[in-house]
Amino acid sequence: MPSALCGLFFVAALFASGWQYGLYGLLGASVATATAYVLGVDRTIVEAGLRGFNGCLVATGYAVFLGPDHASTVILAIGGSVTVVMVTSALANILGTWNIPTFTMPFCIMASVMTVAAPSFQRVWHGGTDLAALPTAATGATRLSWDDLWHAFFGNIGQIFFMPQWYVGLLFLVGILVASRTAAAMACVGSVIGIFVAWALGSPASGVAQGLMGYNAVLVAMALCGVFIKLGSWSFAYAVIGAAAATGLTAAMGTFFAPFGGHTFTWPFVLTALVFVAAVPSFTRLSRT
Amino acid sequence: MPSALCGLFFVAALFASGWQYGLYGLLGASVATATAYVLGVDRTIVEAGLRGFNGCLVATGYAVFLGPDHASTVILAIGGSVTVVMVTSALANILGTWNIPTFTMPFCIMASVMTVAAPSFQRVWHGGTDLAALPTAATGATRLSWDDLWHAFFGNIGQIFFMPQWYVGLLFLVGILVASRTAAAMACVGSVIGIFVAWALGSPASGVAQGLMGYNAVLVAMALCGVFIKLGSWSFAYAVIGAAAATGLTAAMGTFFAPFGGHTFTWPFVLTALVFVAAVPSFTRLSRT
Amino acid sequence: MPSALCGLFFVAALFASGWQYGLYGLLGASVATATAYVLGVDRTIVEAGLRGFNGCLVATGYAVFLGPDHASTVILAIGGSVTVVMVTSALANILGTWNIPTFTMPFCIMASVMTVAAPSFQRVWHGGTDLAALPTAATGATRLSWDDLWHAFFGNIGQIFFMPQWYVGLLFLVGILVASRTAAAMACVGSVIGIFVAWALGSPASGVAQGLMGYNAVLVAMALCGVFIKLGSWSFAYAVIGAAAATGLTAAMGTFFAPFGGHTFTWPFVLTALVFVAAVPSFTRLSRT
């Protein structure tokens, strides 16, 4: 979203969740943008913020998962923000064959490699030793209280940047609203679908209330109705189906990553949006933006 | 295989393995076909049954793995049969770049996501809690009795639809024979190769007898000699190598899926056929149909 | 590298690590080359050794991981060397769309399937039963002695062919030097970067000294400066970043493979080089060879 005001709200939201995260976000965006300039990426792409965006996500993600207060985290955040430019360009060149955007896949790749690799390095990893576990069937109450519901509604938006606080989600939502009223409406629709599907299938309430089951639905709903596919009642229905599918995929990917200690990040959004956008040329009812 | 009579035998085989599975198969095929019509997929593709086929597999697979008697399974089977249309169209658009068919990959994706996600949802999952396990080296007798042998021969065909009963495999084989004598012959060749390779490498007899080691060899043998590659002595040899490779890959994928509780489905067929079909343009001895 | 003398040194290095490995290497190269001829692959490709190379790696890899003294290993090495020709051709046809080479990906695929499948087959597997384990955080001293350092320097080159002995690495390095002075220089640069990054991040010294952390950095450094990207100060810097990224990815892939008992092989090299080469068209500072 190439809106300066929107970006301002996003930065404010990051600072609201902790001033270090705001600094990491600015650091990552700067390093990635500088790397793209230096390597000679087309200036129109760089100026639209398309290379800095993934750098911002990478640096913030590294700060959240490795701890923001270590010098090693700063160095890795810089290294990651440089490398994500290569990953983004590679994916753009490959997916461009079918006119498919890279979504947040570059970030997901960099963040997944980091979380899986980090415990092998003693100067990087300051957490515990029990990272991996065989997954088991879910247990725990599934009933959602009123408090769970509205926490989940905003948490689904905050978790896009790995933040569970409701007010961080609210700030992101305001940022989206400033950029596009349609996108903000679809974010709300996606959040409601994520909550409904997770509840209906029987997901434990504690995870739902933190926004862990619905943040991919929010992103998919925005992407499939207005951002990458033209707005309309058909794309609205398409986005609803996509948001429901992304909620199921969120659970699947959490289980997939468990035995080797990875994290889900926005992989379910990336994979669902990639499939639903790649399918559009086959459907005469839908067209790309 | 666009033969109505063949389809009739397949439906009969599904009903023979349990009337609910037959109903699920019809439900999935109907929902997927309707979804494709509504979204505006090219009618010649829909009428050839190319979209309904994966819906049939998805709904039957969900019934087998979640249990056919739950309302939740019916709802998920409908949702899965809708979503598989998007997955099929996306894969067709991407793989079409190299003129590679989608095989049963859309089904494999939907079924894998379902089996991995299901235990996270308490209203969906009615099985046990110990789903995942670290794989260990195989033990158990490898000697095949006469009974093991002929059970394995038909089981290899029935397992394509996850059914171990020999008479279900026989009904499928008759259905294939009605559509194409070459395909039926290659199904038998694939089944024999699957049994021979599994026995020669030392696979425990119990799995071989249930058809668990050879169903991918059956599919690969059919796909590589007559269906996607022109019939001939070169493609026959190519199909034999492919069927042997698929048998090894079947063991590898079972081990890969073990720690997060996934299932092999027809992934080994899909991946082997994809590689062997994608390689054809490099080989002057072979040509696509 | 289409240099006959270079090939001679490589064969000598294999024989130095054990005469059986040398024979396996020759066997694999012969079988793969013969398969490519018989199937009718373009003769200029076969004569450049591009199909035999992966066969050599596959047969040697099977010998190392299954034990060279079993008849079953010989048979599987022949089967693997036949099948790798299909995998190489398939990947060449698909990656050729973006003018991306296949690197050692065909070998990595065949070797990964073999190591994951082998324990399921009793006549193939002669090792123990405890193959898979949940990964944990690394422990152990990270300080590198002088002996560790120079062992690591040559071990990083020998591990490309899974050999930890320093003199095997030295022989490979001489073979590379005979083919290209640039490539040999970049191999040394890559080895130094691999050691430095692994030490700086805090990798246990025992693995670093055996060359287990740096062999992918060696391959990436050679590939990105001179072999696939034109030599220059920009590509040198690009190769340095790539070698550092590959070192981190080496740790990540070791953890990823742990729960199902796979091995890292040269996957980190393949994936890093693929991304960095695919990104080149976006960077005006760099161009392909």
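The chains carry the letters A, B and C, assigned in the order they are written, with residues numbered from 1 in each.
As a working rule, a residue touches a chain if its C-beta (ideal position, glycine included) is under 8 Å from a C-beta of that chain, and two chains touch if they have at least 3 such contacts.
These numbers come from a predicted model, not from an experiment.
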{"item": "For chain C, the least number of touch steps when starting out from chain A", "value": "1"}
{"item": "When chain B is superposed on chain C by its C-alpha atoms, the rotation angle in degrees, nearest 5", "value": "120"}
{"item": "Proportion of interface numbers common to chain A and chain B (over half same, under half different)", "value": "different"}
{"item": "Where chain A and chain B are represented by their mean Cα positions, the distance between them in whole Å", "value": "34"}
{"item": "Residue numbers of chain C (touch at least two other chains)", "value": "97, 134, 259-260"}
{"item": "Touch list for chain A against partner chain B, complex", "value": "97-98, 134-139, 142, 200-204, 234, 241-242, 244-245, 248-249, 251-252, 254-256, 258-260, 274-279, 281-286"}
{"item": "For the chain C and chain B complex, residues of the former touching the latter", "value": "38-42, 72, 79, 82-83, 85-87, 89-94, 97, 112-114, 116-117, 119-125, 127-134, 259-262"}
